[in-house]
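When the chains are written out, they are named A, B and C in that same order, and each has its own residue count from 1.
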Amino acid sequence: MIEPLDTILSLALLSILFSFGSSFLPGLIKVMAFQGIIVSIVPLFMGHDLSTSEILFTLVTMTIRGIVIPLCIYKAIKKVAVRREVQPIIGFNASILIGLGLIIAAAYVSPKFDVPSISISSLLLPTTIVLLVGGMFILIARRNAIAMVLGYIMMENGIYLVGTTFSVRALHIVEFGILLDVLAAVMIMAIILQNIKKTFDNMDTALLRTLKE
Amino acid sequence: MVESIILIPFIAGWIVFFLPKTTGRRILVITGVIHLLLSVLLWIKRPTAILAAYFAVSPEGLLSLSVISLLFFLISIYSTAYLKAAEIQSENIFTGSMLLFLSTMTMVTLSDHIMVMWIAIEATTLASAPLIYTYRTSESLEATWKYVLICSVGIAMALLGSVLITVAMDTGKVNAPVSFSGLTAVAKSLDPQWLKAGFVFILVGYGTKMGLAPMHTWLPDAHSEAPSPASALLSGVLLNCAYLGIFKTNKIMHAAGLGDFSGSILMIFGLISMLAAATFILKQTEYKRLLAYSSIENMGIIAFGTGIGGIGVYGAMICLIHHSLIKSSLFLTSGNILQGYRCKIIQNIGGLVYRMPRTFIAFFAGFVAISGFPPFGMFIGEMFIVMGAFRNGHHVGAIIFMGTICIIFAGLANQIMSISFEDSKRKHRMHMVGKMLWPQYVLLLTSVVFSFWMPDTLYMTIVEAITSIGGGV
Amino acid sequence: MIKSIILLGLAILSAPFFSAIILKVKAFFGGKKGPPLLINYYTLLKLFKKGSVYSNSTTFIFKMGPMVSFASALTVLMFLPIAGNNPIVSFHGDVIFVFYLLGLGRFFTIAAALDTASPFEGMGAAREAYFPIICEATMFMVLVYFYKLTGQLTLASYFSGSQPSGLWHLAGAPLFFVIVAIFIVLLTENSRVPVDDPTTHLELTMIHEVMVLDHSGPDLAFIELGSFYKLFFYSTLLGRLIYPFKTQFPVQDLCLFTGSLIAVYGAIGITESVMARFRMDKVPRFVLASFGLVFFATILTMEFIR
């Protein structure tokens, strides 16, 4: 547990629990920014030698995931002065308990997978699983559109963690393309969010139910 | 050379954002022509890409690319007239996004690297989002939100699937480039468990984009709210692009000897999609949503055909091409109807045959074609799929397949007849610009021609594409 | 043994003094001079000099409440390893006994509050019963965690001798979560801001204070003294976790222990100064967070110890 990687990963897990429990959007965005930074510096602690370009790439990732994307969303809510609650469908206490259950389940399931690169840290696979499922959970359990976008970002963080840690062979140019795509997706979502606010005067996705059979 | 076909519309798209309206329309058509010429050149020369690690010309990609090219060219001509008639707030964004959309779709067809494929497909979502929000209404906003969120989340699944395939490489101790061609070559030594997991995630991910039920919920909204040229592109080629991702992964599965696994999943998803479409078509009240559900049905047909294998795959490819041609023509025609009646509700529309006879011809012919009647190509494709299903012993599947097609035909016929012949207050004839009619005629005619006479190169390319996933005539 | 008794006597005498530190810190943040450090002794003396007033509608339960809560808090101190020395009493499983002794005290406080039949006190009793339930879950999770690490079930085995440093050695970083969690429990159990405000003047927002409104004179003094001991108990646990070492020199140990206690009390004061009270419906989540943290720490540690 003195290992830095384990400490980082447990902080990532903690950030998920916090995101499940935060009721206000600015807080949630800060948690996600923290998570973005935490997740993107994981490659630095993987234990293999890093070239300059790899370190540079990690820093760029950290800037985008930890600063640019959260800032983008923060600007979006600031500009339109939305209601700041995340409008939960599943309550916060229940969410925290579900998060804990999720961590247990992930810790229970992950040793059953046979992945060679997992031996670096026994916390790696549970963290990625919880990030992925947790992101999905926020998407399902929050009605606020911004919270849903943050859930999407959490999922992306999880996939990034799978990608960088499990397979070393991914080329940086490709990873960068993925990152750029995610960034563009978030920016477009932010623009849509502003328009949603302008049109509906609210961020509650329950209002987005006019189109149906 | 290969990259230029991606770059030209990309650059043109960015330029158009800063140009006046009319120039933008012209650039749209010019880029369409150049793109068409370049893709014809690809047929003749089949060059290798400069960035060979990321891009390659594959037979299935080439087929999709030429469909995209042809459709985009015709749609761009239609768009010039459509844009003149429709009042769109910021036309530059529309035309620019159309071009970027073209560029990203081209990138999908030409990409060979798994991750590049993902990047391109996600980019199509992003490029097409402004298209859906063209009309700036609250409904279109809702559709855009659903489209971007559902597709992004779905495609994130596909990214996870792609990563899992690289995990399959690690676990199987394989060292090969992470490209579709490279992986297909070493598929035997990949770890089958991770490969299966990867395929399922990719199928769910790209299946969302392709409109397979139950992940299809964004599709009717997006298609009905987008302006008609954009819906035509979305339905005609975007769905094909997503299918291409599944197709190429399926190739790896077949090379790894897991064809039965992937085939059965594809068949199940296909049948579910068809059934879902059938239930919604029967009581549909908007004609653009009607067409959208028909697209879901056709994607179901294609997934089913691909899953069967053998002659069914050939049928699926035929369906893929003809669906693009016919459905885009139908969506373009729906734009005409929208202009003539200013309404999307089927009940308020009637007597199309009196009010817009020339549009009626395109609309009705399109309906006949999409329902799978000869002389249009869908008939041949569906017939091959049914034959393939019986030949490979999937009797139950084949029966459900045929039953659903009949139900959908009944549902479609009911609605289309009502649009075409029912009494309406607006009887007087309306003039339509030629540019908003002949693209549809050309598309339908192409479908007819291809069902009677298939050029040898086209036939060879299809066969080349499908032999690797257990298809063949 | 003698040393333990002397330490216990010191603890009993000094507990009110430490509580005054909180007032000083708060006064400092408020830019005020604040009460003298011996304020609590003056208050207690004043209260003991007075007589008690009992309402006609109350029964013997009302009189029992303060006595039992004071006695249970005092008894708990006997199990407490002060400054890393062995406690006076210790047996296998005493941790559970200790926490239920505290629970007994709370039960009688609540019963006494209900005995007055005042709706305000009933409301306070309901809140007092609700929040500590989650605290109890947290504390027992902590016990499970410590048991998992040491295999022992006595407070002495966790906090006396070389032990907390041994825990740190075994568990490492997750122990930080435990510290935060115990701090949250401390705030809740002792009705501090942000869960409860001991200085509030509005009955509707009170939790603990509203229950003791009807007590007066020596009864109130017992209640106050009991709460000082309870706070001292939790602070000692935290202080030991913060400064886990024990050296050869008892005096040096005692000084450092006092320092760590002052740090904990100071931290409470700072928390009270910089935070506002939570809205009543936010409190359960705050307390639940402590449970989440300990639970999380347990999962993490199990991952590694396995």
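Just so it is clear, a contact is a pair of C-beta atoms (placed from the backbone, for glycine too) under 8 Å apart; a residue touches a chain by one contact, two chains touch by 3 or more.
Just so we're clear, the structure is a prediction, and the values are computed from it rather than from any experiment.
Taking each chain's centre as the mean of its CA atoms, B is the chain most distant from chain C. No other pair of chains shares as many C-beta contacts as A-B. The chain closest to the protein's centre is A, with centres computed as averages of CA atoms.
Remark: chain A and chain C have CA centroids separated by 37 Å (rounded to whole angstrom). Annotation: 67 Å between the Cα-based centres of chain B and chain C. Between chain A and chain B the centroid-to-centroid distance comes to 31 Å (mean Cα coordinates, whole Å).
Those residues of chain A that touch chain C in the complex are listed here as 1-2, 6-7, 10, 13-14, 17, 21, 23, 92-93, 96-97, 99-100, 103-104, 107, 122-123, 126.
The touching residues of chain C, when paired with chain A in their complex, are 171-174, 177, 282, 284-285, 288-289, 292-293, 295-296, 299-304, 306. Taken in their complex, chain A has these residues touching chain B: 114-117, 132, 136, 139, 145, 148-149, 152, 155-156, 159, 162-163, 166-167, 169-171, 174-175, 177-178, 180-181, 184-185, 188-189, 192, 195-196, 199-200, 205, 208-211, 213.
Contacts from chain B toward chain A in the complex involve residues 53-54, 113, 115-116, 118-119, 122-123, 125-126, 129, 133, 138-139, 141-146, 148-149, 152-153, 156, 159-160, 163-164, 166-167, 169-171, 175, 178, 220-221, 224-225, 280, 283-284.
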